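In C-alpha cells below, several structures.
Each of the next two complexes has chain A plus one more chain, namely chain B in the first and chain C in the second.
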Partner chain A sequence: MTGAVAAVEIDGVTKRFGEVVAVDNVDLAIDDGEFFALLGPSGCGKTTTLRMIAGLDLPTEGSLRIFGEEVGMAPPDLRPVNTVFQAYALFPHMTVRQNIEFGLRMRRVKDPELSQRVAEATGMVRLSGMEDRRPDQLSGGQQQRVALARALVNQPKVLLLDEPLGALDLKLRQEMQQELKALQRTVGITFVFVTHDQEEALAMSERIGVMSEGRLLQVGTPREIYERPASRFVADFIGRTNLLEATVESAGTVRLANGARIEAETSLPAGSEVSVSLRPERARLHPRGTADAEGSSLEGEVRDITYLGHAVVYEVAVGPMSVEVRVEGETGRPFGSGDDVTISWDHGAAAVVAD
Partner chain B sequence: MQPANRTSESTPASGEKAAAQAQRRQGMLLASPGALYLLIFFVAPLALISVYSFATRTSTGRTSLSGWNVESYRAIGDDVIVGIIGRSAWLATLTTALCLAVGYPFAYYLATRPRHVRAILLVLVMIPFWTNGLVRVFAIRFLLGSNGPASALSENLGFGTFRILFTPTAVTIGMVYSFLTFMVLPLYVSLERMDWSLTEAARDLYASGSKAFWKVTLPLTKSGIVAGSVLVFVPSFGSYVVPDILGGAKTLLIGSYIARQFRDARNYPLGAALSVLLIVAMLVAVALNQRSGSGAEGGDRPRRRRRGRARAEPEPAAVS
Partner chain C sequence: MSGNVETGLGPRTRRLLAGWAWVVFAFLYVPIAVLVVFSFNASSRVNIWGGFSFQWYGEALNNEVITSAIRVSLIVAAVSTAVSVVLGTAVALALDRYRFKGRRALDGTIYLPIVIPDITMAVMLLVFFAEAFKFIDSFGPRFTLGISTIALSHIAFNISFVCVVVRARLDQFDRTLEEAARDLYATGWQTFRRVTLPLIMPGIAAGGLLALTLSLDDVVISAFVAGPGSTTLPVYVFSSIRRGVTPELNAISTLMLAASIALVLGSLALQRRRASASQQTQVL
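Presenting the complex of A and B:
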C-alpha cells in the first residue's frame, strides 16, 4: 500500500462542540479497499470522526482528504462518500425503490442506467421483489439492507457505516457481519465503520482504530490490537485481561507489585510505572511446583471458580493481586477453592502497557 | 387444584364481559356532564338553525315555522351572495397561504432551537393567544389607522399618509395576525417530531440543502401543513369580528352577512341556510384533513426510534 494514495487521510483533525472536545487532534490514514473499524466506548468521538468524513460535521481544525482531495469543509453532497446511518434513516414516505434511487436522481442519472443500477443494487442486497414496499413494512434486517443498497448504488469511493448492526438482534447481527464482509470483498470499496462492539470490530475489520475521549489511541490489525495493546485502556477495552501493576527494571524484566520478577519485553525506561496485560486464556494453571521451566510464572491460591461448560475461569489470589485464568478443554483433576497453584505463561504472552 | 382450575377457566369469559360493561358504564358517567353541556349549547342550537333554514320569512320580517321549503338555499345562488362567498373564500385562501408562508419558517426556527429555548419561544408564541382577541384586533386597528404609528412612519419616510384601514389589505393583515398561531402550532408539532437524520441522509445522497428540504422535510411535515391550513382556513372563512373592525362596511364577507341576516335584515331562514352551508363546508375540510392525516402519506406519524439494541425482530424466513 505504500506510495498509493490513502482513501481517507485525516490530518490533525480536532472537533469542538462549544467547550467539549469531541475529537482531539486525530491523525489517521485509511487505505484504499480497506475494511476499517473505528472502535471505542460511546462518547469517544468515533461517530463524530465518521460524520466529519461524511461532511455532516465540519472539523474545527485540521485537514481531511479523500483520495488526495481536500474535502474538510465541503458540504456532504459534494463528497464521494455515502453513509449507512445508525437507525438507517430510510425515507419513510418513499418506497424501497425510491429510497435506493434517491442519490442517483439527485445526480441526474437517467434511465436506462438508473433502473439498471437500482436493480443491481437491489439484487446485491437480496431485496429484489420488495421494491414497492415502504420501509415500515420491512423487518430490521431488510431495512438495514435497503440502507446499504441506497448507499452502494452511488458507487461511493468510501462507504461509511455508523453502528450498522447496532439495531439488530444477536443472531441477525452475526449473519450481517458475514454478509457485510462478503459485500465489501465484492464491491472492493473502502468501508469505514464505527462500532462500540469490540468483538464485531475484531471479527470484521482488517484494521482497527481504537478511540477514547476524542483521541485515537492505537491503529492496527485485530491481532496487533489484541496481542500488543499500546496502552492500558486498549488492553482493558479489547477482550478480558489481567492488568498487573508493575515497575520496569530493565528492557527484559519488570517487577510486579507483589515483588515477583517476570520477563516481558518493553522499550520503556527502567523505573517506569506500567501494567502487565495477561489474557486469561493465555495463562496456564498447575498444581504448585509442577510448572514448566519455560516462560514466567506466579504462585497463588485459587479463590473462586466459575464453570462455563466449555471453559473454567479460576480467580487466583497472588499476594494482593487477583489473576483470572481461563482454562479451556480442561484435562485432569480440576482445581478446588484454596488449592495452591502456579500460573505460568509463555514468553511473549504478556504485554507491558503504559498507564 | 383441579376443580378450582376448572371453575376459574369458565369464569374469565363472563367476568371479563362484566368488567368491560362496568367500565363502559363508568365511562358514560364520566362523559355525561360534557355530553349534556354539548347537547344543550351545541347540538340544540345547531338543530334549531337547521330547522330555521327550511322556514319562511313572512312579509313583516317574522319567521313562519310552517310551509317548509328550500327557498333560502335557492337564494344562496343569488349573485350578491355568491360574490360574498367567493370573496370570503378568496380571503380565507389568501390568509391561509400567508399564514403558511410566514408560519413555516417560523415553526422551523422554533423546532430547531435547543430544547430549553424552544419552551420559552413557545410560551412567547402563546401569549397573544391568551389575550382577548377583540383587544388585539383593536390594537391592529390603531396600528394601521391614519393616525397610527405605521402611518407616522410612512409619512416620516416620505411615502405620504397611510390609507390602509378599512381595505381588504387591512383585513388580510388582521386575519393573518389573528390566525397565525393556529398555523404555527401544528407545524411546530410536526417539525419537532421530524427525524433530522433523514435530511442528513438526503444531504449525504447528494441533495443540496434546498433539495433536501423539498424532497424530505416538506413531505414529512405534510400533516402539519394540512392541519394548520384547515385550522386557519375554517375560522377565517366564517370570520366576523376581524373584517368588521378592520374592513368597515366596505368588504362584506359571509360572516358579517350572516350576522346581518339575523340582526338587521331579520331574514332568519337565509342566515340559517348560509350557516348550514358554512358548517357543511367546514366539515368537508376537516374530513379531508382527517383523511390525509391518517393516510399512507402521513409521513410524520411518530416514528419508532430504532436505536434500541435488544430489539428482537425476526426476519421473515421467505426473504433469506
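Presenting the complex of A and C:
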C-alpha cells in the first residue's frame, strides 16, 4: 500500500469535550477500498473518531485528510463521505424515495440522472417497490437498507457506519453482516465501521483498530488482533481468553505465577511482568500423564463443567490460577469434576502480552 | 370481575362514580346549553321561550358596532398570532439549541406571562404604553391607544404560550436527524427548512391555534389597552352586559363559543398527531 494515497488519514488527532479527552492523539491510515472496523467498549472514543471523519465533530488538535485533502475543519456538507447512523436517522416525514434522493437534491442533481441513481441504489439494497412507504411502515432491516441506500446513492468516497447493526436482532444481524460485506465488494469504496461487538468486527472487516479510553491500542487484521494481541486489554476484549500472570525469563520462556515454566515468544526484557494469553479453544485437555510431549502443558484439577452442546467448557484449577478450556466436538469419555488433568497447547498458541 | 381487577373498585362504587361524572358534566355544560338554546329564541325576553328563530343572529350581524368589534378582534387575532408564532418559535429554538449568557434567566421568565394575573398584565401594559407614548411624543409623532396597542399586548402574552408548546415539541426532536441532513450535503438553512421545520410544524401550528384562541377570548387586557373606536368583541360584550343581557348577546356569545371550540379541537388534533408521531419515532 506504500505510495498509494490513504482513503482516510488521521494524524495526531485529539478531541476534548471540556475537561474530558474523548480521543487522545490518534494516528491512523485507512486504505482505499478497505473494510475497516473501529472496535472498543462504549465511551472509548470510536464514535467520536467516526464523527470527526464525517465532520459532525471537529478535532481539537491534529489533522485529518480524506484522499490527501485536508478536511479537519470542513463542514460535513463539503466532505466526500456519508454516514449510516446508529438508529438510522431516517427522516420520518419523508417517503423512502424522498429519503434516498435527499443528498442528490441538496447537490442539485436533476432528472434523469436523479431518478436513475435513486432506482439503482434502491435496487442495490433490494427495496424496489417500497419507494412510497414511510420509514415507520418498514421493518428494522428495511430501515437499515434505506439508510444504506440514502448514503450510497451519493457515491461517497468513504462510507461511515456507526453501529449499523446494533438495533437488529441476532438473526437479522448475521444476515446483514454478509450483506454489508457483499455490498462493500460491489461498490468497492472504503467502509469505516464502528462497533462494540468484537465478533462482528472479526467477521466483517479486513482490518480492525481497537480503541480504549480515547487511545488507539492496536491496528491489524482480525487474525493478528486475535492471535497476537499487543496488550492485556486487547487480548481480554477480543474473544474469551485466559490471562495468566507471568515473568519473562528469556526470549523464549516465561515463568507463571505458580512457578511453571512455559515456552512463549516475547521481545520484552527478562524480568518484565507480563500476562500469557491462552485462548480456551486453543488448549487441550488430557487425563493426567497422557499429554503429548510437544508444546507446553500445565497440570490441574477440573473444578467446574459447563455443557454447551457443541462444546464443553472446563474450568481447571492450576494452583491458585483458574484456566478455562473449551473442548469442541468432544469425543470419548468426558471429564468429571475433581479429575486430575493436564492442559496442553501447541507452541505459539499462547501469546505474551504486556500489562 | 375483570373490572374489579383493573380498577380495584366494586360495581357499586363504579356506578356511583359514573353517576358523579355525569353530575360534573352537567354542572359544566348546562349553562352553555342554556345560552345556546336561548340564542335561538324568537322572543325578545331573554328568559321566556318564544319559538325557534335566527332573528338575533341577523340583528347582531347587522349592528355596526358589533361588526366593527368583530373586525377589530379578527385583525388583532391574526396579527398577534402571526407575530407571536414567529417570535415564540425563534425563542424556543434559541433556548433549546444554544447556551448563551442569560439563557437560564430567560428560560425561567419566558413563562411569566402565563402565570401573571391578567389584571396585573393589563395594568403593567397600560403603564408601559403611557410612558412609551410620552417618550415617543417628545419626538413629534402622536400615538394613542387603539388597535395597535391591543395587538402588541396580545403578542406580549402569546409569545410565551407559543414558546411553551414549541419547546415541548423540540424536546422530543431527534437531533441526529439534523446531523443526517448535514451529512447529506444540506447547509444549515436547508437543514432547518427541510428537516427541522416540517418536524416541529405540528407544535408550531398547535401553538398558533392556542394563540389565536387566547387573543379572541381576551377581555381584561384588551379592555385596558383599547382606545376609542377600537373595541374587540369580548370587550363589547362585557361592556354591554352591564345594560342587561339581550338575546343579541346570546347569539354573539354562541358564535364565539363555536369559534373557540373549533380552534381548541384543531389544536388538540394537531397535538394528538404530534403524540402519535413521537411514538413512531420512539419505535424506530
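Everything below uses one rule, namely that the second predicted complex is superposed on the first by the 355 of 355 C-alpha atoms of A that agree within 3 Å, B and C clash if a C-alpha of one lies under 4 Å from a C-alpha of the other, contacts with A are read in each partner's own complex, and residues count from 1 in each chain.
By definition in this document, contacts are C-beta pairs under 8 Å (C-beta built on N, C-alpha and C of every residue); 3 or more make two chains touch, one makes a residue touch a chain.
Just so it is clear, the structure is predicted and the values come from calculations on it, not from any experiment.
Considered on the superposed chain A, chain B and chain C are sterically incompatible, since they clash.
In the superposition on chain A, A:Asn154 contacts both chain B and chain C. In the superposed model, A:Ser139 lies in contact with chain B only, and not with chain C.
Of the two partner chains placed around the shared chain by superposition, chain B is the only one that A:Asp169 touches, whereas chain C remains out of contact. Contacts of A:Phe91 after superposition on the shared chain: both chain B and chain C are touched. In the superposition on chain A, contact of A:Met124 is made with neither chain B nor chain C.
Set against each other, chain B and chain C differ in how many residues of chain A they touch, and the higher count belongs to B. Once chain A of one complex is fitted onto chain A of the other, the partner contacts of A:Gly103 extend to both chain B and chain C. Of the two partner chains, chain B and chain C are each touched by A:Thr83. When the two structures are aligned on the shared chain, A:Pro75 is found in touch with chain B and with chain C. Comparing the two complexes, residues 54-56, 75-77, 81-83, 85-93, 102-103, 106-107, 143, 150-151, 154 of chain A contact chain B in one case and chain C in the other. Contacts from chain C toward chain A in the complex involve residues 174, 176-177, 179-187, 190, 194-195, 198-199, 277, 280-281, 283-284.
Within the complex formed with chain A, the chain B residues making contact are 195, 197-198, 200-209, 211, 215-216, 219-220, 296-297, 299, 303, 305-316, 319-320. Here chain A touches chain C in the complex through residues 54-56, 75-77, 81-83, 85-93, 102-103, 106-107, 135-136, 143, 150-151, 154, going by the rule given at the top.
Only residues 54-56, 75-77, 81-83, 85-93, 102-103, 106-107, 126, 134, 139-143, 150-151, 154, 166-169, 172, 175 of chain A touch chain B when the two sit together in their complex.
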